[in-house]
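The same subunit A turns up in both complexes below, where it pairs with subunit B and then with subunit C.
What follows is the complex of A and B.
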């Protein structure tokens, strides 16, 4: 039975004396995984290692049981969307995809049919016969995505795939990624647009300075950050009454009434106890609660806690 | 963790053989080459020496036609070995220009535009990439060189009859081996240089400069030391000597022909090494 996992075991990559990634141990699962980190953190290195475009200095990588240094086997299972904007001179969208499919081993008839199918999927049917050199940034991004998914890979490795897309284009692409992930594929997306990663990812891998600082579902990762109290937003009609009662609990470290006076923000060191105690407070004080929700179980917040100000270093 | 049902279908159709997929790169390379009308015209002109050769062979065996155009049988009588040697040179020279003009356009833009990650994220490796690009040159240069050369040889053998072909087999061998070696060495050298010098015109200039500078250096070395060892750096003399040896004629170098083979082999190996160094999906800039 073939191995259905993507595994990094003790992987390090050094460019001479410069560190690319260091001692990475990871296991990707099917679904959508966001790869997050500032520029130069090692996101692209990790993707290049996974796709065999770089060889590890140390360690071992296996993509569905295939070593990445076997491109003829690997790229039957993997589709890679590079961050570079480069295409064969004079190629149109249709010829570019056809060439890609021929290299993947389809015959001309199948390559033609599949090329048009994928062009429709990424919304480029009308521009298919135009030269890629004349495409907008967003269109070039789409055609790169098309060449990554055209051969129906199990694993999609997408390096900054949302760059240059307009909001509508982003929404369409996110929908496409979501569909592919829901079909049981591995979709690994690197991005520094944190709220989008937050929206689309089932899991995240955070990397900083070549080291993986966190991996897993965002809630699990957040729960592991003990040094930062969890923030909970409560929208209710009498916030002062609730605030007064909450200070009785040891795990509550901070309570702020919201500016509009219609709720409060609580910081607690123990989320589980907090939610248990909150129920009693609400019942006893008889306040009308509209919303109770964690305020920092987001990629943005976790990134901020673990790596620093998002945007500051990216 | 969500549980996913595997709902998508992988491509299950028949695939073309992996070993011949490099020809996809070749096919697109050929298409690109003929987009230039000037190149197409020049390429057509490369056949002229061979067409003239065919005509001369035909003419030399048609006494009536010779008389009609006022040529004597003695003038054209007996196509000598020199005829075939000159014809080889006139085939090889334009073929050299075809390779020099075309090769930089095959590799340099891919490197200059960071296109190698794109190429190598398909089921091909670096060997396939180089083979695909080299095949463009090989397929273009073969018809006006060794193919036409063998056709001329075959016509002469047919017209002459009486075992001429068997007796002069070295001519056919020289056309085949000589041109193939020339194509291989120049293709590799041109691709290697264009992988390092990523600007097309500069790559063409560098290739010419390299050949002429090496020739000049070789001559100077021979002059100063009074030895023929400079010929080890003389690429054009090396190929000329190898071809003449194949024809069974005296070579132009005072070195044994094995040394000329060594020169050609070294150039090919160095070119492969240079290509191996440069053709990587990601260049590490330190």
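What follows is the complex of A and C.
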């Protein structure tokens, strides 16, 4: 197995007779990967398997060459912010982090210094000496994140990390994840807020009924969905002129003028040919084009095509 | 690496001591320990004047109380309360994942928790043993004090403390294991208490599977067993110590095996 990748090979997990995930073959790359799927689809199971909190019924997993059943090695490289909203009884923010860091082999001084550094990073210095049991939902989420990142892991596994955070907190955390991903670390985030996944992810893994239905860059995934013509939004000054010309092309299946009359939405079965032909149309018709952009190369749209309405996702 | 493991063990053990002694977890143990303490206090207060001059009665009374009540009931259930919680408590609090997400071998986790539980029970139960023992004898005034300081008292007390220490180690390992295997470990604990009570009636081969059989052989003052004396079949002290150590070893080995396969499935637990 490779030392620099996170790999699932034929991984299945059954809880008795109940399916958790089925025959998952995945490879995560460095950067930010969004993990999306409806409730009970197997996202948390996948994260638990990756971090050794569950053992696969079948198959094998390697996280940077480390099998997840070796916690003494795995959790030097991995930080996991779980979905569980529970903490060791009596712990304060500072003692919770210090305990983690001491177990990583730091001495008291180093552990204290690093704990305060991370508490500052997640905006919890004022509450550091208070018991976590008295924290608000957002503060508990922040301390979980702090615990996951305090030892500077190269793989961050984050299960719904933005839950309970206010808009400012979400923005700060997203920026933090982005920075970590840009440093070349693996940041694997599950979120039910698809537009956030869309904003931050370099790649997505979509899971449904315990099966991975799509993985990769959102554009690649979208391109693979042949059954759904690609939608392209064109904002221009004379949409009717463009629409008339576009119907001449076989790959164009639908053209609709936008409600405000300042653009059109085109559905095409062949994006590459469409963009090539569109250039000619624009030049020949002499319209002033403001924007040409894919309208459904989003996590939301892809999710909708592959899984269904995203309303009930987690 | 070995140094790191040792430090991790100490950190885990220290945390467990704090959780066991400075939390509500300790209350049932204090209640249990309060029973023989109250008994010793009341016995001293209401001891007839005529008996105050005879220390032999007290030595016999303490031996009876220690074997049939303190060891079999108070030490047994105190260990059950504290050791079962080491893993089961975290499962019920849904915080076990933090222990499993530490960069620590599962073996180190089990040993650290076990040592933490052991230190806690030793602090509480060895301390209580000393106080109860002293309360039994101070009722005799200066005679009792002389017995404690310069008589056989110290040697007897040391013997009882050794038995309590071994009992905590053996019952503790067993209850730590029970906490890993059973959703409600108090059921097997009560069944095991029944097994321990039935020990005198068991054939020799099955007696070997009882912890109290070995502990009973190590008592400094043998209790009066009555008709059961014929069935007790005590063993040599070195056999008893080896028997207790073997039971600790087996329990901990099984606990490590189970801990290696431990999964976080709170909804199923």
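By our rule, the second predicted complex is superposed on the first by the 309 of 314 C-alpha atoms of A that agree within 3 Å, B and C clash if a C-alpha of one lies under 4 Å from a C-alpha of the other, contacts with A are read in each partner's own complex, and residues count from 1 in each chain.
Quick note on the criterion: a residue touches a chain if its C-beta (ideal position, glycine included) is under 8 Å from a C-beta of that chain, and two chains touch if they have at least 3 such contacts.
On a predicted model such as this, the values are computed, not experimentally measured, just so you know.
Once subunit A is used to superpose the two complexes, subunit B occupies space that clashes with subunit C. When both complexes are overlaid on chain A, the residue A:235 reaches neither subunit B nor subunit C.
Comparing subunit C and subunit B on the residues of subunit A they touch gives the larger count to B. In the superposed model, A:103 makes contact with both subunit B and subunit C.
By the document's definition of touching, both partners, subunit B and subunit C, reach A:75. Touch criterion met: A:53 reaches subunit B and subunit C at once. When the two complexes are overlaid on their common chain A, residue A:184 makes contact with subunit B while staying clear of subunit C. In the superposed model, A:5 lies in contact with neither subunit B nor subunit C.
By the touch criterion defined above, A:152 lies against subunit B but remains apart from subunit C after alignment on the C-alpha atoms of chain A. For the contact definition in use here, the residues of subunit A common to its subunit B contact set and its subunit C contact set are 15, 48, 51-54, 71-76, 80, 82, 84, 86-90, 99-100, 102-105, 147, 151. Listing the residues of subunit A that touch subunit C in their complex gives 15, 48, 51-55, 69, 71-76, 80, 82, 84, 86-90, 99-100, 102-105, 147, 151. Against subunit A, the residues of subunit C that register as touching in their complex are 4, 7-8, 11-12, 15, 18-19, 22-23, 90, 93-95, 97-98, 100-106, 108, 260-261, 263-266, 268. The touching residues of subunit B, counted against subunit A in their complex, run 1-2, 4-11, 13-16, 18, 21, 24-25, 28, 32, 35, 109-110, 113-115, 117-118, 120-125, 281-282, 284, 286.
For subunit A in complex with subunit B, the touching residues are 15-16, 18, 29-31, 48, 51-54, 71-76, 78-80, 82, 84, 86-91, 95, 99-100, 102-107, 110, 147-148, 151-152, 154, 180-185, 202-203, 217.
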